[in-house]
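Can you keep this structure in mind? I'll have questions shortly.
Letters A, B and C name the chains as they come in the text, with residue numbers starting at 1 for each one.
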Amino acid sequence: MTEIEEKQPRSIEELITILEALIFVTDEPISAKDLANVLEEDSEFVQSAIEELAQEYQERKSGLMLREIAGGWQIATKTELHDEVRKFLKTRPSAKLSLAALETLAVIAYKQPVTVPEILEIRGVQSASAIKTLLDKKLIVNKGRKETVGKPMQYGTSKDFLIQFGLKDLTELPSIEDFEDLTSGL
Amino acid sequence: MTEIEEKQPRSIEELITILEALIFVTDEPISAKDLANVLEEDSEFVQSAIEELAQEYQERKSGLMLREIAGGWQIATKTELHDEVRKFLKTRPSAKLSLAALETLAVIAYKQPVTVPEILEIRGVQSASAIKTLLDKKLIVNKGRKETVGKPMQYGTSKDFLIQFGLKDLTELPSIEDFEDLTSGL
Amino acid sequence: MESQPEQLVFDFFKEQPQIIAERNDEELKLKIGEFAGPLDLLLYLIRQEQANIFEIPIAKITDEYLRVIRLMEKLDISVAGDFLVMAATLIEIKSKMLLPREIVEENDEDADDPLKELVNRLVEYEKFKNAAQMLWEKSTVEQSIFPRGKIETDENNSEINVGVFDLLNVFQKILSRRKEEIQMEIEREEMSLSEMLSNIKLRLKQSKTFNVTEFFNHTRSKKELVLAFMAILEIVRTEAVKLLQENIFGEIILTKG
């Protein structure tokens, strides 16, 4: 494990290769300085290698770019491909809400503000993990506590919910009556 | 949402660019077929574009590679950079499987679907705890019960198995007969 | 297309099982390098004798095997039954080999020669032992390859493949489900979980697929619905079945895996 053999100085090509791998595996954008520390290389040498790498990404017709963000470097998809990427992400499994989450969201959307016991009453099953999912996805928000026994938390839909579902406001939610016409057309 | 404007056919260069972005954003290996579906492109066209992209990765002195694994494509760091990457991520090689677990896994990989009594027959020893370990690590999965006396549970390898052992699919496993007598000379 | 095997810069070290008895603070410890089983131990002993698998010096190997087993017992290492079974087999073979050849042949007509059977098992076992070694090497290579770090969309894929009318659709289904429940709760005989389980299993047997959504809709009470749900969970856990849902609001289908 311990390296006894004398360390050959890295060429800029070698450095670029290693930098690309390291920037690729990090979870967070990483600064040239941090990279220089890890690799025990001169900070300016690392900086110029990164810039050369960024240049390379730009020159070849790549779907990716090396960009500086939040004080660090990161590999990301090119801005002009965002439409395709978004469309693609929609098809990923994680893009799908579970039936439980969906049902819970439907109840909250139509009955808001609504408490957990009320959701249980309507759905007939516990919705705790569904609610957590919806909170994580920022589709619902806390709407304060209800002034009743136990003061249960109330939930309602968020602004993100409106954006996600393409609604101007909640009045745009279709009503049950609208539904009959729409499904017959499908 | 719906695209009304007429769709220009994509050039292979454009396709490669998009594919690189999509393979980058997926969190698990994705097949050419799935990519073709999402992009509404011909499957073979997509396949050849991916192969060209993989070639490009190999030719430029990149820290990354595009490789086929577990029936899909993935961008990953090059093997030879493992020292630097590991040092950077401060990771160690993950805990090795015990000899018993590895043997059991080998039997399951080659004989799947296979039951516990069949594994016992080959290994000459009970494999219950090894099987539990392998199930916990999601390297094997239940493959239903065998229609025989006692209806024993059958096991087979999982997708995670392919990923952890770097296999495109099960046909990549060398033939079991190749392992005969390798060490009889020792 | 064929990805070139990368040049590897690390060593594969092979872990050899070994028996080391060591005295340590008056406490005798035995380190048994992990033997994966009796066949593994047997192969090891044959190697130690530098013997060929097809010409096992059975008397010597049997004695060695028994010595190891006794050592393990003496040192309070619980000897698994499988090791003892092998010991018995070896003793049987050894005693047979000591008999004059004619008698053995008269009795058995080489029908089931236990030594031959053992050799076959060893040959077969050794293949898998070598395959295990191959897997170990592959996983070692794989551990030198790293996937990309997390990006924002991994855990927070904000794109949701759902429209507003889907939402209404689901809501309406919940409401009608509630209405049915109230109607059904008037008179009922309660089912038990095991009745529910065998009910579903029977249906699965009759046809390869099983419409879970429909089944849920036909439950007659909230309790029955809960039981049905639990039964489905149990079946998914214990049987080779898959739950499929073609699209988000679609019906859930249980199929034999």
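Quick note on the criterion: a contact is a pair of C-beta atoms (placed from the backbone, for glycine too) under 8 Å apart; a residue touches a chain by one contact, two chains touch by 3 or more.
Since we're looking at a predicted model, the values are computed, not measured.
When every chain is represented by the mean of its C-alpha atoms, the one lying closest to the mean of all protein C-alpha atoms is B.
Relative to chain B, the chain whose mean Cα position lies farthest away is A.
Chain centres here are Cα averages; for chain A and chain B they lie 26 Å apart. Distance between chain centres (mean CA atoms), chain B to chain C: 18 Å. Chain A and chain C have CA centres that are 36 Å apart. Looking at chain B, residues 24-25, 27, 75, 77-78, 85, 89 sit in touch with two or more other chains.
Counting partners per residue, chain C has 146-148, 151, 153-154 as the residues that reach two or more other chains. In the complex of the two chains, the chain C residues touching chain B come out as 1, 3-4, 6-10, 15, 17, 34-40, 47, 52-53, 80-83, 86, 121, 123-136, 138-148, 151, 153-154, 239-240, 256-257.
For chain B in complex with chain A, the touching residues are 1, 13, 16-22, 24-27, 38-39, 56, 60-64, 75, 77-78, 81, 84-85, 87-89. Chain B contributes residues 24-25, 27, 51, 54, 58, 65, 67-68, 74-80, 82-83, 85-86, 89, 93-94, 96-100, 102-103, 105-107, 109-110, 122-126, 142-145, 154, 163-167, 174, 176-177, 179-184, 186 to its touches with chain C in the complex. Looking at the complex, you find that chain C touches chain A at residues 146-151, 153-154, 156-172, 174-175, 177-178, 181, 222, 225-226, 229, 245, 248-249, 252.
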